[in-house]
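Every chain is named by a letter (A, B, C, D and E) in the order it is written, and numbering of its residues begins at 1.
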Amino acid sequence: MNISVVSLELAALSIGFLIIIFGLIFPSFRSSKTGGYLAIIGLLSMLIGSFFLPASNTQTFINAFYVQDDLALFFKQLFILAAIFINAMSLHYLKPYTKNKGDYFALTFFALTGMMVMASAAEFITLYIGLELMTFTFVLLTAYKKQDLKSGEAGLKYILLSAISSGVLLYGLSLLYGLTGKLDFAGISSVFSLGATSPLVVWAIIMLLSGLGFKIALVPFHMWTPDVYEGAPTPITAFLAVGSKAAGFIAFIRVFFHVFSVYTSIFMPLLITLTVLTLLIGNLIALAQTHLKRFLAYSSIAHAGYILLGVIAYSKLGLSAILFYLMLYLFANIGAFAGVTALVINTGHDRIADLTGLWKRSPFLSVIFLISLLSLAGIPPTAGFIGKFYLFTEAIHQGYLWLAALALGMSLVAIYYYLMVLRTLLSGTNEETKSFIIPFSLRLVMIVSAGMTLVIGIWPGPFTDIALRIAQSFL
Amino acid sequence: MDQFAWLIPTLPLAAFLIIVALTYRFKLLSAIVATSFSLGSLILAISILIQKIQNPKTTETFINWLTITANQQTVLTLQMGYLIDPLAAVMCLIVTLIATLVLLYSIGYMKGDEGFSRYFAYISLFTFSMLGLVISNNYFQTFVFWELVGLCSYLLIGFWFFKPEAADASKKAFITNRWADFGFLVGIIGLFTVFGSFNFTELSAVIGLHQNTLVLLILGLLVFLGPMGKSAMFPFHVWLPDAMEGPTPISALIHAATMVAAGIYLVARGYILFASVDSVMIVIAYIGGFTALFAATIALVQRDIKRILAFSTLSQLGYMMMALGVGSMTSGMFHLTTHAFFKALLFLGAGSIIHAVHDQDIFNMGGLVKKMPITVWTFVIGSLALSGIFPLAGFWSKDEILTVTLQHHFTGLFILGTLVAFLTAFYMFRLIFIALFGDKRSNHHAHESSWTMTLPLLILAILSIVAGLVNTPWFYQWTGMSFSTFLFFKEPEIPVIHWSIAGLSSLAALGGIFVAWIIYAKQHISADKLAERFKGAHTLLLNKYYIDELYGWVFNKGMIGLGKVFNFIDHTLIDGFFDGTATLIRSTGIQLRLFQTGRLQQYALVLFVAIAAMTIWGVR
Amino acid sequence: MIGLSHYLFVAAALFCIGVYGVLTKKNAIAVVMGIEFMLNAVNINLIAFNHFMAPNHVIGQLFAIFIIGVAAAEVSLGLAIILSLYRQRHLVAIDEMDILKW
Amino acid sequence: MISLFYLFSAILLVFALGTVISTNLIHSALLMMGSFFAVAGLYLLLQADYLAMVQILVYVGAIAILLVFGVMLTRKGSIEESNLPNRYKGIGLLTALGLFGLLARSIYYTRFPAPPIGHPTQSILAIAQAFLLQYFVAFEALGILLLIAILGAILIGRDSK
Amino acid sequence: MHLFLLILIPLIGALFLILIPEKHQSLIKWTSAFFGLFGLALSIHIFFVFDKSALGMQFVESIPWIRSFGINFRLGMDGLSLSMVLLTSIIWFTGILVSWDLQERVKEFFIYMFILVAGVFGVFLSLDFLIMFVFLEIAVIPKFVLIHVWGSGKKEYSAIKYTLYLLTGSAFALIAMMMIYLQTMTLDFTQLATLTFSAPFQKIIFILLLIGFGVIIPLWPLHRWTPDGHSSAPTAISMLLAGVIMKLGGYALIRIGIGLFPIGAAFWAPLIAVIAVVNCIYIAFVAMVQKDLKYVVANSSISHMGYVLMGLAAMNTVSLTGAASQMFAHGIMAALFFALVGLIYQRTHTRMIADFGGLAHQMPRAATLFLMTGLASLGLPGFYNFVSEFLIFVGAFKTFPVLATMAILAVVITAIYVLRVVQQIFFGPRNPRWDNLKDISNVEMIPLIILVVVMLGFGIIPAPMTNLIDQGIDPIVQHEVKGSL
C-alpha cells in the first residue's frame, strides 16, 4: 500500500472537493475568481511536490496494476502544468459567461485526476475508467457555456462520439480478455509472447487502435476534434488539445510499446497508413481554415501525425523524441491558445481576419503569437525545429525515409498556413485603434509558455537528456 | 632610363586623378594639367627611344600582382610589369606624340563645351590605358588595358551623351569590341592552359618549339579575334564609322592613330604565335586585304567628310594587317607609324574645317582654300602622303608593303594592293576637289582656326613628309641604321627600293588623282550620270553593303526574340509549374474541408467504415 | 451444448444492432439507446469469456460492473445535454445540429 | 437448459431489433427494457447471478426509466414520427451487416482453447475483494465519475433562471 | 571570443532597439548605425588579426549544445568565411545608412534586419551542420516579414513565394543532414572531414545538398523566387538579399558539398557546369527583356551567380577561389546596384525603364555610380568582379573547356543588357518630366562611396582578399583531392 503512488491523484481530488465545498458554503465564492487562484496555488504545490516523488518501475500501489514509473510521473507533471496554464487562462475568460465559476475550476481537477489515473494505469480496467472520467469531465466543461448553442452542440457531439468509440474500445478489450484471460498489460504481453495469432487478435488490435486513435485524433477518428475544439470555451479547447491528447498518447505508448510489442507486423502497417492520412488531412484542411480555434484543431491533428512518427520508429530514441516533442507541443499550443483567449476577450470572436493590424494594437500579443506559431511550424529559434529534427532523424534511422520525407513535405505546407496567419497578424492596419487589454494572469501564461518555447529551442540540452532518461527507463 | 618606363603610363593617370579630384571645376587648369603631363610622358618616351636606339636590348621587370597557391606550390601567377623593346618604344612615341598634339588641338576645338574638363580627364585616362597596353609584358595585363581602352573609347564616343546617335554609337562600339574580346579572352586562357604562362618571353620560348599544330592554329585564330575587334577588321568593322559621332580630336587620336593600331601592335607583339602557323598567316593576310578593298569601295560614295576618313582608316588598317599576314612585321609597323601621322593630320584638318563650317557634308563645303589656307594645304599634304606620292611618308611605307607582298609570292594581294592605292588616291582627291577647291556651295563663312589648332597641323604635316625617309636606303648609308634594322622580327632587313614596284604604285596613285580631277574638278564626266549607270552598285556602297542592317536585325530579332522566349519559359512554364502545385494543394485543402459536414452520425459512420476496412485488410 | 461461440454470436449480433441504431436514428435518444445495446453486447462478451475461459477469477464480471456504472453516468450526462439543447433549440434530431462544420 | 439460452437470445435479439426499427420512440424505449431483461436472463445462465441482479436494477430500473423520461420531456409533434431514420439509413445498415459478417466470420474461425475445469467461485465475495483490493483506484475513479455525472446533470440539465 | 561576439552584436542591437520607444526615430537610426559600425569595425579587426599563413580553422570556440545528440555549438573561421563575414558586415552597415529616410515602422524594420544579420553571421561562422542550419532558418522569418511589410510592388505574393522556395530547398538539405547524422552520429565539419563515405552515399547526399542549397544560390530551375523576392524587397533588404543571402548557398555548397563529399561532387560536377551555363546565358537573355529596372538587376544577380556555379563545378583551387571571390565581389556590386536603384525609385517613384530618359542631366552622380556598377557587372578590369571572373574562367577552362567558353560568352550578353539599360535611363536628350529631381546628397553618398571604394580597391589590389580566400579554399581542395583518390 505505497501511498506516494497515488498522492498526486488524492491531492487533486481533495483540492477539487475543497473548491466545491467552499462554493457551497460561501455563495459569493462561487462567482468570484478566488476559486481559480486557490486552484492555481494548489496545482503549483502539486507540481513542486511531484519532483520529490520516488519514481521507478517498482513503485506500485497495491499490486502491479497501478504503477508510478518515470514515464507516468513525466506525464503527470505535464498534465499538472497544462492544468495550471488552463486555470490561469480561464480566470478572466469566464467573467461574462457564468456566475458559478467555482465548479469550473473543480471540474478541471477531476479531469486532471482522470488523466493521472490513465498515466499510471498498468491494466485496462483502470485505464478505461480513467479515460472515461477524463472524457466525461471534458464533456461537462465543453458544454459549460450553456447559453451558447455551439458549446451545447459540441458537448453533445463529444459525449455521443466518445461513447461510441469507447463502445468499440470495450468490445476490443473484451476480445482481448477472451484471448488471454487477463486484463493487465504484463499478463497479456506474456500470453501474447506465446505467439498464437487468431483473427480475433487482429480485431482486438484494430478496435484498440480506433478507441485510442479517437483520443489522439488519428485521422479516420478525428472528425470530432474540429467541431468540439471550436464549440468548447477556449481554455478548455487548450486543455483538450494538450491534456487529453497527451493522455491519449501515454495510453497509446503503454499499449503499443508493451502489450502488442509482439504483433508489430499487424498494427505497424495500419499505423503507418493512418499516420500518412493524419499528416495529409491534418495539414491540407488547415490550409483552408478561417477561424483560429478550428485552425489550431487541425494543426493539433497534424502534430499528432508527427508524434506518431516516433511511435512508428518504435525505438528508445523514438520514444524520447515523442516525449521531447510533447513538451514543446504543450508550450507552443498553450501560447497560441492564450493568444486566442486574449483575442476572444477583446473582440468576441476568433476569426483570423480579426488579427489584422495586431502589431499596432498589441505588439506583445503579436510577439507571443509569432513565437508560438513558429514553434508549431518548426522554425529554428523555437523548440519546434529541434523536436521535428529529433523525430524525423529517428524515423529515417528506422528506415522510414519516405515517411520522414512526406512528413517534411507536409510540415512545409504547415509553414505556409502558419505564415498566412502571421501575415495577417503582422501587416495591415485595423480601423479600431484601441489597443488590446490583456489581463495579468493571461499575460503571465503567455510569457511563461513563449519563454519556455524559446528556452527549449535555444538550449535543448537538458530537455533531451530528460526525455532520453525516461525513454531508457521505460523500454 | 628604362627603369623609369613605368612612369610613362602613370603620368596621364596622375593627370586623370588630379582633374577628377581637384581641378574639375577649373576648365583651363585641367586642360593645362592634362597637356603638360602628356608632354612629360612624351619627353620620357623620346629619351627611352633614343636610349633604345643606342643599345637595342629588351628590358623586362614585373611584380606578382596575384598568385594562387595550391598545396604550397603556386598554381597561377598574374603579373603586372613592363617590357621595353624597340616595338614598345616606337609605339610609346607614337601614342604620346599624337596624344599631346590632340590635347593641344582640343583646347581650341572644345572651347565652350560644358563637359570640357570631363573631356580632358577621359583623354588622360585613355592615354594611360593605351600606354599601359603598349608596355605590358604579358597577355593578362594586355587584356586588362585592352578592356580599359575599350571603356575609354565608349566614354569618348558617347561624350555628347545627350545625342541619341552618340549614345547608340558608343554602345555599339563597346559591344562589338566585347564580342571580339570574348575570343581574345578564350585565346589567352587557352594559351595559359596549354603553355602554362601569360608572359610574352616565356610563351615565345615555348611556342617556338611547336610548329603548325592544330592547338596553335585554334589559339592563334582566337587571339587574332581581339585585334580584329580593336582594329575593326571585316566582320567587326561596323563600329568604326559610327564612332565618328564623338568629337573629331577623339576620332583623330583614338580612331585613327592609337587605339585602332593596338590590334596591329598586338599581332606584332605576339608575332611568334601567328608566325608559327602558316594557315593563320594566310587568314590574317586575306582578311587584311579584303578589309582594305572593302572599305576603300565604300569610301568612294560617302558624303560625310569624317565617314570618308573613317573608311580610309579601315582600308589602311587592312593594308597593315595584310603586311603582317604576309610575313613582314617591319613593313606593317612602319606603315602604322607613317599612317598615324598623316591620318591624324587629315582628321585634325577635317576637325578644323567642321569647326569652321559647322557641317560635315562635303557637298555643303567648297571654296575653302582662300579662307583657310593652312588647314587646306596641310590637308592636301596629308592626302598626298596617304595616296603614296613620291617624297612623302605614305609612298615609302605603302611601297614597302607592296614589295613585301610580292616577295612572299602573294601576287593576288599585290594586285589588290595597287587597286586599293588607286581607289585611295581617287576618293581622297574627290574629297579635296569637292570640299576644299571648287565654288562655295553653302553660305558658310569659314575662317582660319586659332594657332592652338593650326600648330599641331603643321607639326604633323612636317612629320608626314619626313617620317618616310627613316626607312630609305640613303638614310641607311648616311646613319648606318634604318627603321627596318631597328624594329624587326628575327633578323633585320636592309632597306632597298624596287623601282619597278614603286613606279607601278605611284602610277596607280597619280591615275586615281587624275580621274578624280576629271570627274570633280573639271566635271567632264558628271558624277551623277556615273551614279545613274551603276545604280545598284551605288546604293549598295552608299548603305555600306547593308551589314549594319544585318547586325541590327540579328540583334533585335535574334537576341530580343530569344530573350522573350526564355522570359516566356520562365514566367509561364516554371512559375506555372510551381505556383500550380501550390494552388493545387490549396484547392484540395478546400475540397477536403467540405467533407466535414458537421453531422455527428457521419463521423460515426466514418469510424465504423474505417474499422471494417482495417479488419478486411487485417484478417485476410 | 451451448458453447462460448454461441454467446459470442449473440453478443456480436447485439453489437451490430446497436451500431445500426447509432448510425441511422434521427433522434438523439435513440442513438443513446443504440450505445446502450453496444455496451450490453460487451458485457455479454465479458461474462461469457469469464465463465468459459477463466472461471476461477472474476475480472470479467468486475469489468462488466464497471461498464454498467459508466453506462449509467453516460446516459445521465447525455440526457442532460440533450434536454438543455432541446430547451434552447426545440430540436432533438441530430441531423439538424450542424452549426459547427467545415 | 439449452432451450432457455435460445429463448433468452431470441427475446433479446427480437426486442433489440424492435427498438432499433420502430419509428415510435416510446415503443422502442419499452422494447429496450424488455431486451435488458433478456440480457439479465443470459447472465443467470452463465452463473453470474450478482451481475444479473445488477443488470436488472441498473439498466432496467435506472437507465431505461431515465430514457423514458427523456423521451417524454422531448416530445415534439406526433409521437409516431418521433424516431425516424436519417439519410444514412442504407449505408448504416450495410456497415452494420458488414461488421456483423466480419465479426461472425472471425468468431467462427477462432478455436478457443478448452476451458480449464475449475469450479466457479463465489462471485459476490470475489468481486467485492477485487473492488477494494486490486482495482481500488478504478473503484474510486468510478465513484468520482458518477459524481461528475450528477454534477453535470445539475449544472447543465437545470433550467437556468 | 571574437566570433561569438560577432553574432551577439546584432542581437544585442535588436534588444537595444526594442527598449527604445517607436517615436524616437532618429535615435533608433543612430543606435542601429552605431551597432552596424561596431560590427564592421570588429570584422575588419578580425581581418587584420587573422593569420593568413596558418591553414585550417581559427578562433575555434565550442560549447556542448545537445549532449544526447552529440551536437555542440562550434564556431570557427577560415579565409572563406572571413571574406563572407566581411561582406556581410559591409553590406549591413551600408544597408542601415541607405534606409536612413525610412518613415513607417522604423523600429521593427531594424529589429528584423538585425535578427536577419545575426542569422547570416551564424551561418558563416558555424562549424556544425545543425547549427548552420538553425541559423539559416532563423534568417527566414525576418526576411518574410521585411519583404511583406516594407516591400513594394506585389510584395505579399513575393514574400510568401520567397519563403516557401527557400524552406522547400532547406527541407532537402535537412534530409541530407539527417542522413549524414545517422551515418556518423556527428555533424561537426572538422570530424566529418576525417571520415570517409561510400561513393553512392556521397552521390545521394550531394544531389540533396545541391537542390537544398541550389535554391538559395539560385540554380536555374529553382530561381523563380529571386526576381520577385529581390524586386519586392525594400532597398536595404534587397541589398542584403542579393548581396549576402544568395552567397549562403554557395558558401554552404563549398563548405559541405565539395568539402565533405568530393566523390559526390565530382559525379555531379558536369550537371552543375551545364546548369551554370544556363544560369549565365539564359538569365542574361531574360534580363534583357525586363521592363522593370529592379527585375533587370535581380536577374543580373542570378546570372552572376551562374559564374560562381561554374567555379564550383570545376572544383580546382583556382576556380573555387575565383568562385568565392566572385561571391564577395558580386555581393558588393549587387548591394551597390540595389542601393542606386532604390535611390532612383525613391525620387521618381517608378521603376519602369521606359519612363526614364536622360537622367544624367539631372542626376550626374547617380549616372556615374550606376555606370561604374554596370561596368563592374560586365566584368571590366579595375573592379574585383573582373579578377574573380577571370580566375573562374581560367580554373573552369581546365576541366570544362567548351562550357567555360559558353560562360565567357555570357559576359558579352551581360554587357549588352547592362549598356542598354544604362543608355535608356541615363543617356539621351534631357527629359523635362524629371527636371525637379535632386541628385544624391552627400549623406546618401557615404554608403555608396564605401561600396565603390571596396569594389575598386580590391579590383586594383586583389591580393589581400584573394589570398585570404585561397587560405580557406586550399584545405578544402586538398581534402577533395585526397578524398577522391
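Quick note on the criterion: a residue touches a chain if its C-beta (ideal position, glycine included) is under 8 Å from a C-beta of that chain, and two chains touch if they have at least 3 such contacts.
What you see is a predicted model, and the numbers here were worked out from it, not measured in a lab.
Identification of common neighbours of chain C and chain D yields A, B. Closest to the protein's overall CA centre, chain by chain, comes E. Ranking all chains by how far their C-alpha centres lie from the centre of chain E, first place goes to D. Ranked by separation of Cα centres from chain A, the top chain is B. Top-ranked chain pair, ordered by C-beta pairs in contact, is C-D. Remark: chain A and chain E have CA centroids separated by 43 Å (rounded to whole angstrom).
Per-chain CA centroids place chain B at a distance of 99 Å from chain C. Separating the centre of chain B from that of chain E, both taken as means of CA atoms, is a distance of 37 Å. Once the centre of each chain is set as its mean CA position, chain A and chain B turn out to be 79 Å apart.
In chain A, the residues touching two or more other chains are 125, 129, 132, 136, 139-140, 143, 146-147, 155-157, 160, 164, 168, 178, 199, 202-203, 226-227, 416. Among all residues of chain C, those that touch two or more other chains are 4, 8, 15, 18-19, 22-24, 31-32, 48, 50, 53-54, 59, 62, 66, 70, 73-74, 77, 81-82, 84, 94-95, 97, 99-101. Under the contact definition stated at the top, the residues of chain D that touch 2 or more other chains are 86, 88, 91-92, 95, 99, 103, 105-107, 112, 135, 138, 142, 145, 148-149, 152, 156.
Chain pairs recorded as touching, per the definition above, are A-B, A-C, A-D, A-E, B-C, B-D, B-E, C-D. Of all residues in chain D, only 86, 88, 91-92, 95, 98-99, 102, 105-106 touch chain B in the complex they form.
Looking at the complex, you find that chain D touches chain A at residues 103, 105-107, 109-112, 133-138, 141-142, 144-145, 147-149, 151-152, 155-156, 160.
The part of chain C that touches chain A in the complex is made up of residues 4, 8, 15, 18, 22, 28, 31-32, 35, 38-39, 41-42, 45-46, 48-50, 53-54, 59-60, 62-63, 66-67, 70, 73-74, 77-78, 81-82, 84-85, 88-89, 94, 97, 99-101. Residues 125, 128-129, 132, 136, 139-140, 143, 146-147, 149-150, 152-157, 159-160, 163-164, 166-168, 170-171, 173-175, 177-178, 181-183, 226-228, 230-231 of chain A touch chain C in their complex.
Contact residues on chain B toward chain E in their complex (touch as defined above): 65-71, 75-76, 78, 140, 143-145, 147-148, 151, 158, 161-162, 164, 167-168, 171, 174-175, 178-179, 182, 185-186, 189-190, 192-193, 555, 559-560, 562-564, 566-567, 570, 574-575, 578-579, 582.
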